[in-house]
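Next up: some structures, all given as structure tokens.
Okay, so chain A shows up in both of these, paired with chain B first and chain C after.
Showing the complex of A and B:
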């Protein structure tokens, strides 16, 4: 599904005199197959934007289409009713993983927690089908079904809990997965594992599009093929991470920092040495080595 | 205790702790650790390694099942001194939105001292001092919800400072912040430490550990690695075993070295690495 937003504008408490525009004309296209990064300072509109993608926040002005869904709220009562009903279908297609999703785990066992999502989206499924889908979702996030299914989700490690929460979202078989700061609060190894899990889901076509909101520029550089910068409710830039971080003379970027590879490229440029930055830190290191031993 | 002995800020002796009862649930196992006055200690460890439990043991929110925890000589088990201990140990947690108790910044900072019965004149002075220390004096009359995440955490630190603590514990206080917010909070913490505050930080950002005087790594409730940042980050294999990693700059520097580039050892920050690389390429 392609996501196209044009001039999306949104204010919380629209009619109150202290209302503030959280989104102020955000225009952005996410293509099917993207591993898309959304960056920006706190309060720049990132979260408000992603909550539009599955209709959690109703459109105020501007247009937004997600695949064949047009998210403009119809004015006529009857059409509005049908629209609201269709949102459920949209929500099964756009899986939303919020910040610290493990706080939303509630059931007594991992199996029951994931089954909640399945039953919600497939109310007509037989018990067998539910069991099958639950098992599949748990295995998709790299957990051993036999080992964790009957455990309390609260007895798992931080990284595992987060996987269970993601399994609950995958249970609805979404095409697009939206994750708000998926690795915040995880230790470095769990962080790497979770990122590589997202790539596996993406590469094997379990989900077609992944959108992550991140405050870690290294994560964006190392994982995303496209990135959008939010500032004051607008998308001020949308491009490949590499070209974004190479043109760092930008207010928003100076406050968000640079990934280490782009930082070193910039520093070396200052003394007349050109080493192109890379997505992967390993590739960049190899380039440095090559450059150092060149023409000796 | 003989009066001439130099007092440790925090001293844990053979501390064990577990939540509830059961055999394999020990979170802290026979752990001993002491922190000097004025030291900056960073605690690293994978999720579930016992870091936050350790922090809560230090200010008496949790009491050890066995062993002793002392803060400037006061034992947390001693009912008479536990409030003294809590006054001495200020804590700031992860989520900036969960730590505001009042609507206006000033009232939020005043909450602590009001509770322990500080006179209103002195409360005013303490608010001045605390907000100044975190660089938030201009926001004294601003509503809390209008602040950014980094600003909220700085107000939370001010709230802790208003109780004039001797030790400040930041338990993943930067985890939910954007890069600018993280920087703000760490700068304030380092400044306070420079002025003599004993600082204990718990973090998953390897970058934040490099400025500490000492780093300890927790694994399954035990200290498995301890030393200066240079010493700790020179053991990447060990760190990986415990769910951690070296800072990216260190990773690049070590790889360059292995390939024969004559780069110096012990590089921890991007700035150091950048500087060193410039030198290397210019003298090539």
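Showing the complex of A and C:
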């Protein structure tokens, strides 16, 4: 599904005198098949933006289409009712994993928690179908079904809880997966595992499009094929990570901090070592090693 | 969204009533409540109404914010009125039809006025007083009870923490509701039972998070060696000013006025 937003504007507490504009004309296109990164400082509007994608926040102004869904809220009462009903269908297609999703677990067992979404989206599914989907989702996130299915989600470790929460979204088989700060608060190993899990899901076509929100440059550089930079509710840059890396002197990017590779290139240049720029840590390290042996 | 719900929200502005000492305002509210229950006839409500109008004008709180509180208890008012209309019995009733009499209608109107003025008065207090000032006032007013070992400070602490966490938990509830909606939860349709059941996936995580927050807060307080038995000074000292004197005088005059009217104009029944 292609996602096209044009001049999306949104204010919290629209009518109150202390209203705050969270989105101020955000224009953005995410193509099917993208591993899309959204970066920006805290309060730049990235979370507000993604909450529009499955109709959790009603559109105030601007337009947004997600696949064939037009998210403009109809004015007529009857149409509005039908629109609100159709949102459920949209939500089954655009899976949303919130920040710290493990805080939303509630059921007695992992199996029941993962089944929650499936039962909501496919009310007519038989018990076998539900069980099948749940099992598949739990295995997709790399957990042992037989080991965890009947456990209480609250007995699991932090990283495992997050996987269960993601499985809860994957179980309803969304085409697009949106994750808000998916690696926040995880240790480096769990972080790496989770990212490679997302890549596996994307590469094997379990989900067609992945959108991740982050304020860490490196996460986005390493993983995404397209990136949008949010600032004060606007999209100030939409490009490939490579070009983000090459223009790291831009104001918006410098506020977010340099990615590790850019920082190293810059520092090495300062001491007279010119390494060909490359933005992925792995490529960069390889080039650096090559350079080292060249000089020996 | 949940945060839109007005819950005794403080209205930020500078005014005579805002600057009054919270203790005096609290005492005034207690006096005001007594006043409302002492009132025996509609003339008395003229005094109450005048008091409310004067207080509202000097608080510079918009009328809409005040009246929104009445909207919240509209159902309760309606319920009370209906009950009174049908079940109120007085000797020598002037029956209009069935069980409805002039007396029962008058009494129902009287009760409705009582409820409305009660809510408006307490709304004025919370609109013009920050929760912090309010708990400080309660602590200060209850401090004589320390003599009999009543944990006044602890009570005030519990209150201020509870008040402090209302917006936090509301925001949290909002987030959880969104997350469950994203998983296809439906909170707006179905029978009453179905809707109540739909809240379970929200309430459990909310409860867990409340416990987690409580534990974290406890740890944070412990790590700073917080002890309720310690003698502590206040960051903000409350001093009585001429405003408090004027406010108190107006309250006492209103009470006197109502009592006089009770004596001279008699009761409604």
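Keep this in mind: the second predicted complex is superposed on the first by the 280 of 296 C-alpha atoms of A that agree within 3 Å, B and C clash if a C-alpha of one lies under 4 Å from a C-alpha of the other, contacts with A are read in each partner's own complex, and residues count from 1 in each chain.
Please note the rule applied: a residue touches a chain if its C-beta (ideal position, glycine included) is under 8 Å from a C-beta of that chain, and two chains touch if they have at least 3 such contacts.
Because the structure is predicted, anything quoted here is derived from the model rather than measured.
Enquirer: What is the contact status of A:116 with respect to chain B (first) and chain C (second): first, second, both, or neither?
Expert: Only chain C; A:116 stays clear of chain B.
Enquirer: One more residue to check, A:104. First (chain B), second (chain C), both or neither?
Expert: A:104 sits against chain C, while chain B stays out of touch.
Enquirer: Thinking of the overlay built on chain A, is A:59 touched by chain B (first), by chain C (second), by both, or by neither?
Expert: A:59 contacts neither chain B nor chain C.
Enquirer: Figure out whether A:273 sits in contact with chain B (first) or chain C (second), or with both, or with neither.
Expert: The first partner, chain B, only.
Enquirer: What's your read, chain B or chain C touching more residues of chain A?
Expert: B
Enquirer: Is A:130 in contact with chain B, with chain C, with both, or with neither (first, second, both, neither)?
Expert: After superposing on A, A:130 lies clear of both chain B and chain C.
Enquirer: Once the structures are superposed on A, label A:195 by its partner contacts, choosing first (chain B), second (chain C), both or neither.
Expert: neither
Enquirer: Per the contact definition in the header, classify A:236: touching chain B only (first), chain C only (second), both, or neither.
Expert: neither
Enquirer: Using the superposition on chain A as set up above, list the residues of chain A that contact both chain B and chain C.
Expert: Touching chain B and chain C on chain A: no residues.
Enquirer: Quick one: which bits of chain A touch chain C in the complex? Just the residue numbers, please.
Expert: My answer: residues 13, 51, 54, 56, 84, 88, 91-92, 95-96, 98, 101, 103-107, 116-117, 120-121, 154, 168-169, 172.
Enquirer: Which positions of chain A touch chain B when the two form their complex?
Expert: Those in contact with chain B are residues 41-43, 99, 157-159, 184-192, 215-218, 255-257, 260, 263-264, 267-268, 270-271, 273, 281-282, 284-285, 288-289, 291-293, 296.
Enquirer: Spell out the part of chain C that touches chain A in their complex, as residue ranges.
Expert: Listed in rising order, the residues of chain C that touch chain A are 3-4, 175-176, 178-186, 188, 200-202, 204-205, 208-209.
Enquirer: Once bound in the complex, which stretches of chain B touch chain A?
Expert: 45-48, 94, 148-150, 172, 175-181, 204, 206, 240, 243-245, 248-249, 251-252, 255-256, 259-261, 270, 273-275, 277-278, 280-282, 284
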